[in-house]
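Here come two complexes built around chain A, the first alongside chain B, the second alongside chain C.
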Partner chain A sequence: MRFRAKILDVGCLNSFTRVVNTISKLTKTCTLRLTADNLYFMLSDKVANGGVSMWCELDQGNFFDEFQMEGVASDANEIYLELVPENLSRALRTAQNAKSLKAKLTKKHCPCLTLAAELPSLSSVSRVVTHDIPVDVIPRKLWHDFREPTVPDFDVSIYLPPLKTMKNVIDRMKNLSNFLVLEANRSGQMNLKIETDLVSVSTHFRDLGNPPCDGGSQGASQDLETMAQARVDIKKLQQFLSSQQVNPSKAMCNIVDKKMVHFVWLHENASLQYFIPAMA
Partner chain B sequence: MPLSTQSDQGDGQYVLVASLDNVRNLSNILKAIAFKDHALFNATPNGLKVTVEDSKCLQANAFIQSEIFQEFTIQEDSVSFQVNLTVLLDCLTIFGGSTVPGVTTALRLCYNGYGYPLKLFLEEGGVVTVCKINTQEPEEPIDFEFCSTNVTNKVILQSDSLREAFSELDMTSEVLQITMSPSQPYFRLSTFGNSGNAHYDYPKDSDMMELFQCTKTQTNRYKMSLLKPSTKALALSCKVSVRTDSQGFLSLQYLVRNDDGQICFVEYYCCPDEDVEEE
Partner chain C sequence: MDCILIGSNVKVLAKAVQSLSRLGEELYLEPQENGLALRTVNSSRSAYACFLFSPLFFQKYTPPKSSTQRCKMVIKSVQAVFKSLSSLEKTVEKCRIELDIEKSRLTFTLHCKHGLLKTHNLSFQDSESLQAVFDKEGCANTLTAQPKLLVDTVLHFPPSLEEVRVSVNDERVLFRNHVEDEAEQSKAMMTEFCLSAEEFDRFVVNMHTCITFCLKELRGLLVFAESSGLPVSLYFDEPGRPMVLSLTDSVLEVNFVLATLSEEGQPRNHNSNMRRVSEPPITDDFMNDDVDYIIAMEAGELAGDSDWPEPPRHALTPPRLHGAAGDQQESSGECEDEDGQQGAVETPVEESGRPPNKKFRSLFFGSVLPTPSQMSNRTLQSQEVLASDSEDEDGSPSP
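Up next is the complex of A and B:
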């Protein structure tokens, strides 16, 4: 099992940092899966913790100038590591102006992901900052826990409004209630609603547009005006929205009526999926 | 009007309808009195008066004249209701209360009368939010019987000067002592904290002092914890009038200029903490 990679370009380093920062805001621990072509940050939370799951996929070629890996076996050329994304994010913070960043899987007192950042220096002597981030290697027999989530058979798929507007609204709603009903239909309308003993608030978005549907269960029989809805934990939703540091090039939301909400964020070189289960 | 969402009933059924093009003209001034959850709203043809009280010792009033609103229709002489102010403020700032010029949230506030919720329709950039806030039984506010004929001492200051003093006040002191006098030290704020006593004196001919009318030397103490909420109003205001009556009750009147340059008033009444021997 080997892994070694290098980033030389500042732009790539910055965008990789942004992705890691986003992940670290979403979860305390996550699984990093390395394959020959891709990196994946994954989370599949237990139902007791809210059952949220996340799937973030990065094409290594978009970030790394060198990328060598050798998986656990020739028939399973992959590596699964469990790590604390906050550690990774903190290490990358010191590497902000680095000339190059090397990542390596090492065995110190425990398995580590070692990051070595070469910082600019005025003299000919180079300055290198090294971070050893402890990781747990996940044995092959547990890999099946981390399958790519299947895109659910959703009732409605809709493009999201500007994230800032949505975030503002949800931040206020969080002060008023613990749960929120998110509903949308296939004519571009989405509503966010809360209701408590003191107050009921509903925010209505229009003309959002629906992604072209590729079949699925949303057959022509279903009425365009019918709302699909899901009642979710506001905190999970707020956490997700505030984790976003840059506006994605595409943001959409799929709703499986009364079951779950599935968010898809598409960035130039990364994609993020987030699943929030609905509550009764 | 950008508000497209209308309830199915006509405006005729509402006892109170008020519209604002910029909700900040209401939300900012309400923030200046937001130190307790319960707020009593009293609407008359002159405008809206919002009252918040604490411990029967402190009362804050915000006045928003009917001219501030783009529309202000009231079917009765006086309409009163009580709502949770924290909830109301969250609703009014649902779009984040943006300070970006050109981006404003429009508001339409409607009330059906006793027993009905307060309805708010807010709109920003084509997104509409409808809020229904349950109203509570209105409680009679305390009458501090503070009338201008009874005023012993009065000064009007530029808020900047008082802001500076308040930001430096020793908060370990339980009380703030205010001395007003026709002779030295004229206007003095004193604190008695862990690290010693401090006095802030304002000479009566200072540029910051717009008006100085003191007839009698008066020293009164006010609980710091009661005065603290008033700093929110101070922060917003451009002028403040400090008055005391013969019993030592304190009235602070703040003149607040809103985004559109119109003037509103916020007023705080506070009971004195204890009697200090008068000279």
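Up next is the complex of A and C:
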């Protein structure tokens, strides 16, 4: 099992840092999967995570100038590591104006993902900062826990309003209730609602647009005005919205009525999917 | 005591107080012939800091005429006088500090713009003289750097990190985070930061050594160093002996004395120590390897989890409290350790049979109450070595 990668371009380093920062805001630990072409940050839907799951996919070619890996076996050319994304994020933060950044898998006091950054200095010799991020290598027999989630058979798919607006609304609602009902229909309307004994608040968005229908159960038979809804933990939703460092080029949300909400963020060089289960 | 400072120097004084507040809870204020001394010590008495502002720093400086005046107060109350540091320079034109022991009054008067006058009367306690024993000239290694360099260095370590290990050789300085026990180590991210000797203004290394000390105090000093722009000098020696961080200017002298972690079973002989910790961590030479870079790591090995080799760092052996260095007693004639004071400083070590994992050696401040005649002819140098760490715990040198 071997891995070595290098980033030379500051722009690539910045965008990789942003992705990692987003991940670190979403979860305390996650799984990093390395394949020959892609990197994946994953969180599987364990009960301990509150049923939330995450799938973030990066094309290595968009970030790394050099990327070499050798998986556990020739028939399974992949590496699965469990790590604390906060560590990775912190390591990248200290390497912000690095001339180069190298990452490799090392075996030190424990298996580590080692990041070494060459930083500009006052002298002819560069400053070097090295971070050894402890990782757990996930044995092959547990890999099946980390399959790519299937896109659910959703009832409604809708583009989201500007995330900042949505975040501002939800930040206020969070003070009033622990749960939020997210509902949307296929004519571009979405509502965010909270209901408590004392107060009911509802925010309406319209003309959001629906992605072109490509499957799902959005049959022609269904009424365009019918709302599909899901009641979700408001904290999970808020965490997800505040994890975003930059506006994605596309953000949408799929709702499986009374079962779950599936968010999809598309960035230029990365995609992020996030699943929040609905509560009764 | 009566002194007056102009606007820009008020900010310097305020920064000094802020810097001291990072270490200790109480501010010891002592007007001396050679200037105004502000001192503090941390709660575990492992760190001491002193700012000495010479009479030239002030527009007017009148030291106490008759008896010595010393007082201590909660630092926070002094910080409150200089509330907002950013606007201080713009608003305050002049500051007058008066200490009248007879009337038990310490008064800060801020003369602000538009004729605004702010008067703060602070309550204080009488105190003994606070002194640490150190000898920076005797240290084998001296590094001097611009504050920016050290600020950049400290930034690479998380704010939660308490201790840092520094090792030096002839070409470079290596900073690493220090993690207590091995269990913690396998979870924590280990960071190493390497600076070449060229980046320092002065780089004198006579002993290849590796010391561990608290980052908190260094961060505290950097608060002041960064704002004043004065180069910081680090004086250190073998592990277990105090490290001195120092800043000097024509009108001010700053010394921070920090305990360093001593290591178990380590000879305290300079010569045998010479090359001991010379080339530790960059074993794998990450930046320079272009061929032999890959370390194979099989998932199978994880099953037998005891297969991991011992970390290649001898430095992780639990350090323990080392005896006080007798050779630091420079002015033994003046030491009068008071039992009460010592009691607060001592940490019981050998009693439990097993020494604790880690101890910073206290710096052992004796409280000294010199007679006025002694006071008047004392120079700055002798001020700083008033008391000694007399009680030696070195009776049983190794476990």
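The criterion applied here is as follows: the second predicted complex is superposed on the first by the 277 of 280 C-alpha atoms of A that agree within 3 Å, B and C clash if a C-alpha of one lies under 4 Å from a C-alpha of the other, contacts with A are read in each partner's own complex, and residues count from 1 in each chain.
Criterion: a contact is a pair of C-beta atoms (placed from the backbone, for glycine too) under 8 Å apart; a residue touches a chain by one contact, two chains touch by 3 or more.
Bear in mind that the values here come from a model prediction, so they are computed numbers and not experimental data.
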item	value
Simultaneous placement of chain C and chain B on chain A, clash or fit	fit
Comparison of chain B and chain C by chain A residues contacted	C
Which of chain B and chain C A:Ser124 touches, first, second, both or neither	second
First, second, both or neither for A:Thr114, with chain B first and chain C second	second
Partner chain in contact with A:Arg147 - chain B first, chain C second, else both or neither	neither
Partner chain in contact with A:Thr106 - chain B first, chain C second, else both or neither	second
Which superposed partner A:Lys258 touches (first chain B, second chain C, both, neither)	neither
Chain B versus chain C as contact partner of A:Lys250, first or second or both or neither	neither
Three-chain overlay, vertex chain A: chain B-chain C angle, C-alpha, nearest 10 degrees	70
Nearest-approach distance, in Å, of chain C Cα atoms to those of chain B in the combined model	5
Common interface residues of chain A - those touching chain B in one complex and chain C in the other	none
Parts of chain B lying in touch with chain A, wherever the complex brings them together	5, 84, 86-87, 90-91, 93-96, 124-134
Touching residues (chain side chain A, partner chain C) in the complex	1-2, 4, 72, 84, 87, 90-91, 94, 102, 104-112, 114, 116, 118, 121-134, 136-140
Chain A-touching residues of chain C, taken from the complex the two chains share	149, 152, 155-156, 158, 172, 182, 185-196, 198-199, 282, 284, 286-287, 293-299, 302-303, 308, 311
Chain A residues within the chain B interface of the complex	161, 164-165, 168-169, 171-173, 175-176, 197-207
